[in-house]
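For reference, the structure is listed below as structure tokens.
Naming follows writing order (A, B, C and D), and every chain is counted from residue 1.
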Amino acid sequence: MGSEITYAIAAGVLGGGVYALMAAGLTLVFGVLDIINVAQGILVVLGAYLSYVLYRHLHINLFVGLLITVPAMFGIGVVIYWLFIRPLRGSERTSMTLLACFAVALIIEGVLYREFGSNYVSINAPVTSASVHVLGIYLPDIYLYGFGLAVLTIVALYLMLYRTGFGRSVRATMQNQTAARLIGIDVTRVSALTFGIGTGVTAIGGMVYGSISGGFTPNSGYDLISRLLAIVILAGLGSIGGALAAAVFMTTAEALVDIWQPTWAVAVFYLAMIIILAVRPSGLFGRRAVRAQ
Amino acid sequence: MTAQRTLRAAGLVVLLAVVAVFPLVFTNPTATLFAIDTLIFVIVASAWNMFSGFSGYLSLGHAVFYGTGAYFMAVAANDWHMNGSAAFELLPLAGLVAALIAVPVGLIALRVRRHTFVVITIAFFFIAQLAASNLSVTGGSSGLILPSPPFASATFNNPFYYLAAVLAVLTVALAWLVRRSRYGLQLRAIRDDEDRAAGLGVRTMPVKLSALVLSAFITGMAGALWVYFIGTAYPMFVFDPLFDLAVVLMAFFGGLGTIAGPVLGALVLEPAQQWLTLQTTGYESEILFGALFLVIILFLPRGVLPTAAEYLTKGRAVLARRRERPPGQSPSELAESRGGSSRS
Amino acid sequence: MASHRARFLALGMTAVLATGVLAACGSSGNSSASSKKPILIGASLSLTGDFSADGQAYQRGYELWASYVNSHGGILGRKVKLIIKNDNSSPTQVDTNYTDLITVDHVNLVFGPFSSLLTAPSAEVAHRYGFAFVEGAGGAPIVFSEKLPNVFDVSLPVANELDPFVDWLKSLPASQRPKTAAYPMANDPFATPQVQLAQSEMQPLGIKTVYSKIFPEEVPDYLPNADLVAHANPDAVVLGSTDVPTVASFIHGFEQQHFNPKIFIAAAGPDQGAAFTSAVGVANADGMMVPDAWYPGYPSAQSQAMVKAYVAKYGGTASDVNADVAEAYSVGQVTEQAVEGTHSFEGSKLIAYLHSGKIFTSVQGPVQFNHLGENVKAIAFIFQWQDGKFVQVLPANAKGSVKILYPKPHWAS
Amino acid sequence: MTAELATRGITKSFGGVQALAECTLTAPSGQITGLIGPNGSGKTTLFNIITGYERPDAGQVFLGSQEITKAAPRRVFALGVGRTFQLTRIFPRLTVLENMLVPSGHLRGGPAGSPGQRNSAGGGRGHRERAMELLAFTGIDGLSGALAGTLSYGQRKLLELSYVLVADPAVVLLDEPAGGVNPSLVNHLADRISELNKAGRTFLIVEHNMDFVMGLCHQVTVLDYGTVIASGPPDLIRNDPRVLDAYLGSALLDAQAADEPAVDD
């Protein structure tokens, strides 16, 4: 049993890294723009398809391919924001952006169906089968890469947010859009770029997702989105590092329950979130969401 | 004003009459089937709106209540051997079970707001779906088959139709009563500024929770009616995440927080989507659906009815301002008036 | 998950389509100037949504059958015309579609949809209007639990799919049998029953169960589950999978854990031809087994002709032909024989005839229905990947079977 | 009807920033007390603490002899302390009249026997009449059917004042009632406040408009860095060197400094 637990913890921690990577863009967009991007699931799948095309058809290394997919997805993100999110204002903005993102997800899904059909496709690169032997257990390479990329992405986002002028604009926008506008920040531009960056880093998550999943279809985004949302909400408003901790916590809890009762393991994932939020409504690492006035 | 009211009353009577004679005129079962599905969505969209539209708490987990009602119906009809009109007597009970589920859900979820609330309702949804596919009482992933109602095939749909119609009328009437009551006012005040409402003496938690429970009760009944009509209960169909998005979209299309909005949304969108699925065969439909969503969201952001009503009220307000004595100020004010910014 | 996905749209689109449909209606009136009106056959299939991959394969099967029949004089001298409606994998829509087909399009016959989940509600509608309901994809126990008299499933009942595999284990000398087995199962009405049945029959053979758990469907990866199975280190793995990704995930997980079972049989996935080998690699496919009632190399003249027609019409190679196509094709064949046998389209006559115990032929082999409408003559086969080819290995004495590869070779990488 | 509002030693800090330090002040019964101070001196935070929207780290709040330190906003309101917000918090998607019907007009535990106090649980005719009376009093009854969100800034201030009065509070806290409002409306507002005060209500008013404060208030208290630095009649305060220091130091003498940031911390 002891060894099973070791395996579960290893799988949970590494899996958490992969989820955090997929959720990084969602967290950024959520924190800065106050948008629930329900298209995140399909964006991950889109990233996976892009990596699939580059790897299987153009024979470009998965990691090298990111040099193409990340900028491409960045562009897609900026366009999505500019065309469909930017015009939405007013009191129902929360719900409107949610529906707009859903509509965008439908369109992307439809386009993917058109291009790739409804059959499963798989990346199946050698990296998906390899593993390293550490302290008596095998750790799969692809998850290690995923975890590493998650940490790198998070560090990069932190550096961007806290060490650059652009980051200062983003943080100002995050705290108070009106005030940011007053001090001369082009909030729309900052928002579009943030959405673009969020979508761009999702390409990395997509590559890893495409590699660990045995196969995916345009429909696969639906299985991802609720988990990604749960992670982001549990972490708390816009806490990118918190998303990693929240993801690791949830996937580890899930993997541990998996030893005993796999069917209910998924429920643990959501139950943990509900219980924690009932006690701590702002999430594990969130600032207080409600400010006086 | 009275002419308008008479007109409105006349319209209502005509509408009710149309609802009443519909199956007699359109005897084809496909027509009544469309009508039943549509009425079920009228019920659910109105019930959803009664909570989410009024209070501003966007629930994406109403399928929990729909599914709870449906599974209660499936289990009870089988275990208690109730069929035909006797099975219809189970509907209020199904609603009650759904309402009971809504109490703990609400007590937990209503402690948080906005996005967090949305995601918590999604989480509840997945737990419910998982429970349905794992528990033995729900038949697990194999689902349950309900006894087939002993109605003649030519008029098979009619009992379902009339029941759905009655429920729909009652739900809309209830929504109307709630909206014009002080209780409804408090719900809408919560939507605009919950803390301020609390600061003005509104007991926010009981108000929100009771609205959720009421909404769940109706949604549960609708789910029970639907599952009896369909005849089978599978976890993935009964707890369908896109059901929630469908309902939200209907309410939005017609106008969130209004009475007629969700009704209009259901009346237009449910038949349109069913009919369209019949006509299209490819994925182009998905792209078109998404594009049309966006068109609605971008160009009718407040829904069909409020957009129209907004112009009316604005016109009236302008008139009123001109007519009435200005409250001791010149027409030009220092600060501009900007509507609709709700802070949190 | 995606049943309502393609919901809602605005009036503009409705109007555009309405115009198109009206135009179509206007032109369809004068279509059949030939001597007799065509036979209308209606079916609802999931062309979009969760079941769309299978739904589309079914559509091809139905269409292949129809064009075969029409090029051979039709049924009772009348041409066949298919009306296929999309149900978007939704039970509400499937109800609407069959009602619409029967009461508006006035079809003469109906064929089943894809998936047991949709078969149960639609069989009910067909029953309401007295139609015989021949289907190929409603093999889950729940479809028959309602005991509707009009349901006939031409395919193999799913619970028995692993029978030849269990029989083969029985035939092995005790020393050669696997000592231990693991049974990971997806929570699914098709996958779970057959694996559970196999488990209950394998345990008395002295094969110790070291892992038997149901895991949820539709989770993005199965790493923890694969790790746990690998950790239990069984000789045989009987995986209750529903699709390629599940199997591929387990294979990747096993590879990562350097775990090599002697037997690895999966309920579904390895039967998906190129989709499977592309997901796991041709070398890793070696030795993987899967039960099925049909495969493109099935040695019957009818079947070979169908495969040829498929490749001619849709392109690709024989190995691209999905078993769904054969199931759908068989539905057409059995219905055709029943209509020819009764000289009638009347539901009650067809139902009586189908229940009469007569043996029908199909591309999947013989078909005979019991009182529940299950095909008792259906033969289960076990197939295996050997050197990049998908071959029939069990039952060992069946026509076309080659020698089973046992134990399974190690993973390639 | 009237009551004295007092704080004693209120201390509050936000993430290391001291907003209030040992803040002790009194709004004497039946008087209008002005609360002034440079931006960020803690005025709004003090209001939030008095009305229960925030909790103090230390100190007490008294309404008459009753301690209301950690009472929830709803309770504070029910006890007879009404307030408005610096950026008005009306309900934008309700009509003006509907806004008036949101507050419960029922005072529990408040001073008894106040005129105009009536039971309004059902939002019935009586409640509605009283609402219209109050709207007429503040002068926006002509807008009763308009959506509150369409009102001008000044009209919103009047609306907020109106619905606070629904509950007939003994003490009214106004957060910058004149900020961003045009001069003629400011006078109108001052008249109304005066009238209400004459009927016996206690007022505590945060305001930057010095003419408004000096003209209206009986007492003025000055806050700087979260502490009371001066208190007394307007004439005295006007010439207090400490007050001048505080204001000059912050370079914010402009009495019309309307766009103070939303968050006081």
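Points worth noting:
Following the convention adopted for this analysis, a residue touches a chain if its C-beta (ideal position, glycine included) is under 8 Å from a C-beta of that chain, and two chains touch if they have at least 3 such contacts.
Because the structure is a prediction, the values reported are computed rather than measured.
Graph distance from subunit C to subunit D, where chains that touch are one step apart, equals 2. Farthest from subunit C, judged by the mean position of CA atoms in each chain, is D. If you average the Cα atoms of subunit A and of subunit C, the two centres end up 35 Å apart.
Distance between subunit A and subunit B, defined via averaged C-alpha coordinates, is recorded as 31 Å. Chain centres here are Cα averages; for subunit B and subunit D they lie 40 Å apart.
Centre-to-centre spacing of subunit A and subunit D amounts to 45 Å, using the average Cα coordinate of each chain.
Looking at subunit B, residues 130, 133-134, 192, 195, 241, 245, 249, 283, 285-286, 288-289, 293, 340-343 sit in touch with two or more other chains. Taken residue by residue, subunit D touches two or more other chains at 53, 85, 87, 89, 92-93, whereas all remaining positions touch fewer. Chain contacts: subunit A has residues 91, 106, 109, 222, 263, 266, 293 touching two or more partner chains. Interface of subunit A with subunit C (complex): residues 3-4, 7-8, 11-12, 14-15, 18, 106, 109, 118-122, 124, 126, 128-131, 138, 140-141, 143, 209, 212-217, 219-220, 222-224, 227, 254-255, 258-259, 261-263, 265-266. Subunit A contributes residues 30, 34, 36, 84, 87-88, 90-92, 94-96, 98-100, 102-107, 109-111, 113-114, 222, 226, 229-230, 232-233, 263-264, 266-267, 270-271, 273-274, 277-278, 281, 283, 289-290, 293 to its touches with subunit B in the complex.
The touching residues of subunit D, when paired with subunit B in their complex, are 51-53, 72-74, 76-78, 83, 85, 87, 89-94, 98, 101-104, 106, 121-123, 138-143, 145-147, 149-156, 158, 163-164, 167, 180-182, 184-185, 187-188, 258.
Those residues of subunit B that touch subunit A in the complex are listed here as 58, 108-109, 111-116, 118-120, 122-124, 126-127, 130-131, 133-134, 192, 195, 241, 245, 248-249, 252, 256, 283-291, 293-294, 297-298, 301-302, 340-344. By the touch criterion given at the top, residues 181-182, 185-186, 188-189, 191-193, 195-203, 257, 313-314, 316-317, 320-321, 323-325, 327-330, 332-343 of subunit B touch subunit D in their complex.
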